[in-house]
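Chain lettering (A, B, C and D) follows the sequence in which the chains are written, and residue indices restart at 1 in each chain.
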Amino acid sequence: MTVKLIDTPIDYHAVTESVRDHRAGAVVLFLGTVREFTNDQQTTALDYDAYPEMANAKMQELIDEARDRWPIIHAVIEHRIGHLELGEVCVAVAVSSPHRKDAFHAGQFLIDELKVRVPIWKKENWIDGQTEWVHPASEKSSSPPPPA
Amino acid sequence: MTVKLIDTPIDYHAVTESVRDHRAGAVVLFLGTVREFTNDQQTTALDYDAYPEMANAKMQELIDEARDRWPIIHAVIEHRIGHLELGEVCVAVAVSSPHRKDAFHAGQFLIDELKVRVPIWKKENWIDGQTEWVHPASEKSSSPPPPA
Amino acid sequence: MNVTVKLFAQARDLAGTSQANLSLNEEQSVKEMLASLIDKYPALSQIQGNLLVAVNNEYVSSESLIPANAEIACFPPVSGG
Amino acid sequence: MNVTVKLFAQARDLAGTSQANLSLNEEQSVKEMLASLIDKYPALSQIQGNLLVAVNNEYVSSESLIPANAEIACFPPVSGG
């Protein structure tokens, strides 16, 4: 399985082991983790919702695109859904390739595009008890997915 | 310990855990692993030699420089020395930061500069029984360290 | 034709349901489907300008036509990772 | 003055020792130290153009002077990672 949505803690060590290969000189692992502070706002937990069929299809599409662009040996994406506490791993992306530059580029591409294209949503649980769906469209750092 | 030379297998899971933090939204781990093929030449093992005092000092210097350039929360470098079989991890670099772009940039900087500045040397054990010290100066991909 | 629109995240919360059943004319566009959806669930107008639509797991533009027997979903901009 | 030069990797293998003891005049440059080293261990001439020198864990240029009581090391370009 190269892509997975999972409602229990991500075993990123197993994810990393699954991309290791004698043909690879480089492995890059990216972990997204639940951060306590966003500017001045304090988070106590996150809830992730997903559209599972489409999320899996889009994650696989990202891996296929990355394989077209870089000489990847193995690539795996696992994304957590449900309720996550501070510090927990929400996403793990692992890539192996013969040389390090390709592994870095492919890893960064996969997480950058995941955040734009894959139908998964994050709800912040702020310390004051309020909850709020995160909308990248209202943040300056992201652009909406292409309308295909 | 943020930098370490080690003559037993690197526990990259422990390295990664050591950089996780509630302040971090991103963790990037890079692993260099013993690759079987370099162009058409087949490797059976590698031997790493190091100048330990200077290697530790230079690895710490790299981390200090990375901290000046990016908002790093934790950064760790472990490099293996001695005899390594195919597929084994020769170096682990782990970085955590609030946002992913900084973790990727810092991780790539640390491994790129390690390969230029840190006094560690690799000897190839080719399949025909020959051994050969690897000299980046004779490869087009690397430049020698600055003469300070 | 009758279509079922899956709703996610804030779109589901605002509509109060994870599936909206709409009755559309043939050859209607995504934009027209969204108008019917908001007509039925007025709270969705809060995020009207941000709603994305997928047909059979692909993003579609507002001018696309809604095919028969397709899986249709509507949701806000994604925020995974 | 007497200096000890630590040798690593191919430099050590070619010299057949991990420490070279040299007798230098005061105020000699890195370039002059290297000439003495190669004079004593002629096999090092094979990688002469590539040898790097560190004094007290810092890379130094060939024009630098060798200080007294410093830790001196000589080695080929690094290839870790």
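In the analysis below, contacts are C-beta pairs under 8 Å (C-beta built on N, C-alpha and C of every residue); 3 or more make two chains touch, one makes a residue touch a chain.
All values derive from a computational prediction rather than experimental measurement.
**Student:** Give me the step distance from chain A to chain D, shortest route via touching chains only.
**Tutor:** The least step count works out to 2.
**Student:** Can you list the clusters of touching chains once chain A is excluded?
**Tutor:** Without chain A, and with every other chain where it sits, the touching chains cluster as B, D | C.
**Student:** For chain A versus chain B, what separation do you get between their C-alpha means, in angstrom?
**Tutor:** 24
**Student:** With centres defined as the mean C-alpha position, give me the chain B-chain C separation in Å.
**Tutor:** So the centroids are 49 Å from each other.
**Student:** Could you state the distance in Å from the CA-based centre of chain C to that of chain D?
**Tutor:** About 72 Å separates the centre of chain C from that of chain D.
**Student:** Which parts of chain A, given as residue numbers and ranges, touch two or more other chains?
**Tutor:** Where chain A meets two or more other chains at a single residue, that happens at 32, 111.
**Student:** Residues of chain C touching 2+ other chains?
**Tutor:** Nothing qualifies.
**Student:** Kindly provide every pair of chains that touch.
**Tutor:** All chain pairs meeting the touch criterion are A-B, A-C, B-D.
**Student:** If you look only at chain A, which of its residues touch chain B in the complex?
**Tutor:** Residues 12-13, 16, 20-37, 86-87, 96, 98, 100, 103-104, 107-108, 111 of chain A touch chain B in their complex.
**Student:** Quick check on the complex: what are the chain D residues that touch chain B?
**Tutor:** 6, 8-10, 12-13, 47, 50, 52, 54, 57-62, 71, 73, 75-81
**Student:** Which residues of chain B touch chain D once you look at their complex with the stated criterion?
**Tutor:** Touching chain D from chain B are residues 32, 48-51, 53-55, 57-58, 79, 90-91, 111, 114-123, 133-137, 142, 144-148.
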